[in-house]
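Next come the structures, one after another.
Look for chain A in each of the two complexes below; its partner is chain B in the first and chain C in the second.
Moving on to the complex of A and B:
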């Protein structure tokens, strides 16, 4: 293999001045191929501020996207800019980036404090600064009590939080988290989700991938959907769903007498169709979810229907992924 | 929390169907012997952790320049030799380093002994001389058979290969650190640890002679060139062993292969050249032996009697340059492609 000498050694953080007007992440026509296989194909994307969830099935290209952003891969085509600078040719932008990798491996023989402060120093902090900042982020992620325990003794959730702490120690403006919730128990998941939401509230640009769609929904409504290396959708979760006009929304209602309820509901102009999946449920199809929801409570109350649940099964991420990738709900 | 359980009378008749309950009660003796009908339940387990409300405080400091980040990598590796919390070198490695350092100081001790005895005959054997300076760095047995190559093999073993194995290089590259800085600091830290043993013991040997024998400026001016030539030979030796060792570490995912491969290259080629030289009276093969080339160049610049006399020492120097170039090419290639290609 011929070495790639493109990467320059000019990683002078002080001299590096980011473009103020440039977004935190800018990908222009980025493709990455391994031989004939395209892991990412012609992605154009700009992100700045807030939490964005990256979604996709296995092999969709999420990890490739993150590896490209972190300079671990070189794009086959197109350009990647972090704060207006190509990170492959100059890793200086990483002074403003925090990365939480997916893999489990850490330095198990280090204490949490040692791990975070060591990587703080790799960002150019002095020993005293590294100590102060390590304590700051360990407190933020709730590891102060176990800061001097070895990472090898940490639980999975604590290890994830230690990784998040090490990524935050340089107070980055862009935080990239690759599957941060993987393998965590519910308590750890909630804690990490709270951390991510808090970072988003602070105005940081947070990019987070996960296979657990419901949890992405709990973290953010801003999503990027990848499928087979292509950018399938980008934007607000509900807006994306609204844009799928050709596919009717479904409202599932569990009622004591679904057929009587159907008689009343069918008169609404926006109702496209009604079906009965089983004896207790009625499924209403519509192109205008808001109109139905504005009239449904009045119909139920006026006609004295006994309803136990009302659900929009198509409005979650799993269904959207299903619609976008195969043309049908999951 | 304890709660009393009221016993229920159980009656069995011939027509009682055999159910699981009856079988179970029969197996456990039914109610016989269970007069104490109390049970103890443990208190509700405490929640293992807490969901807290994080409050992020931002940092308003200034990031320091490149050399401070590089220094952080260097000290992480160097301080691991001496204390915990840095790169763990392992107790056997640290012990071996100590043993070799003490063993390297034997000529210092012998110089002091000869000075104490005051026997000029002994001092001519043990004191500072061209041959002894050469021997301190480039002597084959025991220094280049048991000491320095083994140290290099132990040090280079996991320096890059463990990052490749565990993927922890991704953590380095997520910082504003170039690959050149990453590999440069790793190279320097391995070389400095070797330097601590070889160069420090060499310097102590030279200064022990000055202190114990009361050498004056004339002697120092007279011997300084050959001392500096020896220092240069030592630097060349450290550089060569480190570059070959790290190139092997960069193609591996474990500690074992780089260490064994380095020893095989240094000692194997030396033995091969020795056998060929003895059987066929041809010294040409020493050009593939890093040790023989180092020794030949060292003999030339220190000024001792050359033992490789069929070829000019410049051939050995050219061979050394080629070896180092090849090793550094492999190292550069592997570190450039580290994490970049799907492995």
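Moving on to the complex of A and C:
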């Protein structure tokens, strides 16, 4: 500790915090293989602070990565450190970690409160402390009303929030959420996404996985993209997006009068093609998605078009992955 | 942000109580728990019903020395004629022809008229005992050598000789003078022997073996495995807690339901056998010591097997299949311990040690148990019957089978301590092994 030369009066007793400098997550050349199949290959990654989205298709290695971080799997190669400690050998860092597993199965016979408070005690809290903390986090995730109902009676969104509450009960510095939005209805999604953003604002390091780009986009800009066990991209989603906007895109619009709409749309400079896949839809081809999206609403409103859906079939993880793997990568 | 401790080796009591409490509540929600506990209760209740039925029935009185029979059809039983000096095989010679004729005695007077009067302890060496209650040995018509057929210079006594052979086994010989203690009360003996045999058999087979193996087989094998299979283990392992801790606390939670269950069943057994058992006393308080040992031995067995089967569950998804050979081995060892309590193989079992605790307690509570067995197998010596006649009394066989010496040549008290320590050691080793397997296990 650096001496305080400006100190006046009695010295203040400070508690020693172990390994302050160690990042929350540090992976060096980590691989995990099953026989000759690599679930993860040569991942190097350091994360400290902020919300990071882990994107990847099913089977890309997201859950393997999280299970390695949570000490459930042993890396085949490389080293993993949580706050400077290897989680496979020592579960001590979990005092500072909250984990929301992907598994759907929960203890349906427990109440939300029972679930959260019981597992809080595994952090070394007394019964009373655990009760206080459980009520705090249940309020944070908005489950206070149903805290004493059985988890078996919860909706999917409530179950996910109960899992999040259980992970937050030790006031963790690092929160890892494996597919927290999977299977939730839109309202629950919004609630959970707000929760995750709130955690980021509170200064926690948050790692959240998903296979849906739009979900991650609404939560954070900082992303990690995994593809077939490899770390494909790491960085700001917007910078990836901007490049993506320059590649050909389709926008599909369902309108009452597609032909009329096509006439107006073709006037936009960035549109280089319009087609009619069927009677109800038109499909617009463009190199600049952003420009279209800024002009399209005005054209629709000005010309009084009746539009039911606007869809970007290419604006998803698959097309980003296609772009990144086809040599356009960073 | 609050400072988080950098070690998991703290707050053991809080983590333990949380997992134990959790495990107990989880058991409560499982149907299988109630089925297993219910089946165990029903099985034991049936055996107790059989016991009560046996205890309520009469054991037929047998005239072991044949002196109630009127061989010459003169209306006087042989015993009466011998006592009064007439010829029991001559119808022309009977007490009715005396100057003052004597009426024939009722036949019942000559049944069970000379019971056991053994006032000795079971110790190495030769002892004499026995009283000729009916006077057929001390009869004045007999010569001195006829009164001392065992040839020890004392008329009308029994020599009981305890003899330790070179192989360490103890053999007992009974040499009785003819007509001493030769017509015992079957009902009294058999009732007592069957009561003891019952307490030992239900204790050893019903409690230590059946409950001791089947409760952990169905309740401990899934303690960790079920959670691993369903994925809920992720919740527990995401906390700062060592896996071997989880292993131990889950096992403690299992004991939290199994031990009270064993204690309650044991107390029920003690009450049933205490009230329904043989003897004049209202309640057989002495037997409580044996029941206490049965409860304790069963608790130790469920502890060791709980650790073992829990570890097997962690080791393999179908750990219950691995548990079955162990259960079969232990069943064999249980039977071996009844026949050969000193067998070396028993030391490689759990049940051998658990049964040692019961045997030691029986030895403490019933110090003359082996003498009692010897007495029943001698059964009066079968005088008045053929040479190859098995004179043993009903109940002495089962009692001999179900009771054993604690083995290892230890005193009862030492044997109990040693067996307890060995079983605690076994449990600790299995915890260590189970924890190590769990720690090395990758969980998807």
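Throughout what follows, the second predicted complex is superposed on the first by the 227 of 330 C-alpha atoms of A that agree within 3 Å, B and C clash if a C-alpha of one lies under 4 Å from a C-alpha of the other, contacts with A are read in each partner's own complex, and residues count from 1 in each chain.
We take it that a contact is a pair of C-beta atoms (placed from the backbone, for glycine too) under 8 Å apart; a residue touches a chain by one contact, two chains touch by 3 or more.
All values reported here derive from a predicted model rather than from experimental measurement.
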item	value
Room on chain A for both chain B and chain C (clash or fit)	clash
Touching partner for A:194 - first (chain B), second (chain C), both, neither	first
Residue contacts on chain A - larger count, chain B or chain C	B
Chain B versus chain C as contact partner of A:171, first or second or both or neither	both
First, second, both or neither for A:111, with chain B first and chain C second	first
Chain B versus chain C as contact partner of A:72, first or second or both or neither	both
First, second, both or neither for A:97, with chain B first and chain C second	both
Which superposed partner A:133 touches (first chain B, second chain C, both, neither)	first
Which of chain B and chain C A:266 touches, first, second, both or neither	neither
First (chain B), second (chain C), both or neither touched by A:46	neither
Touched partner set for A:124, first chain B, second chain C, both or neither	both
Chain B collision site on chain C, chosen from 26-34, 134-142, 170-178 or 386-394, when both complexes are overlaid on chain A	26-34
Shared contact residues on chain A - chain B and chain C	67, 70-74, 91-95, 97-99, 101, 103, 105-107, 109-110, 114, 118-119, 121-126, 166-167, 170-171
Chain B-facing residues of chain A, complex	1-5, 7-9, 11-14, 34, 67, 70-74, 91-95, 97-99, 101, 103, 105-107, 109-111, 114, 118-119, 121-126, 129, 133, 136, 140-142, 157, 166-168, 170-171, 187-188, 190-191, 194-195, 198-199, 202
Chain A residues touching chain C - in the complex, by the definition given at the top	15, 17-19, 67, 70-74, 90-99, 101, 103-107, 109-110, 114, 118-119, 121-127, 130, 166-167, 170-171, 173, 203
Complex contact set, residues of chain C against chain A	1-8, 10-11, 14-15, 17-19, 21-22, 25-26, 29, 230-232, 234-243, 442-444
Chain A partner contacts - residues on chain B that touch it in the complex	47-66, 68-69, 72-73, 76, 85-86, 88, 166-168, 170-181, 329, 332-333, 336-337, 339-342
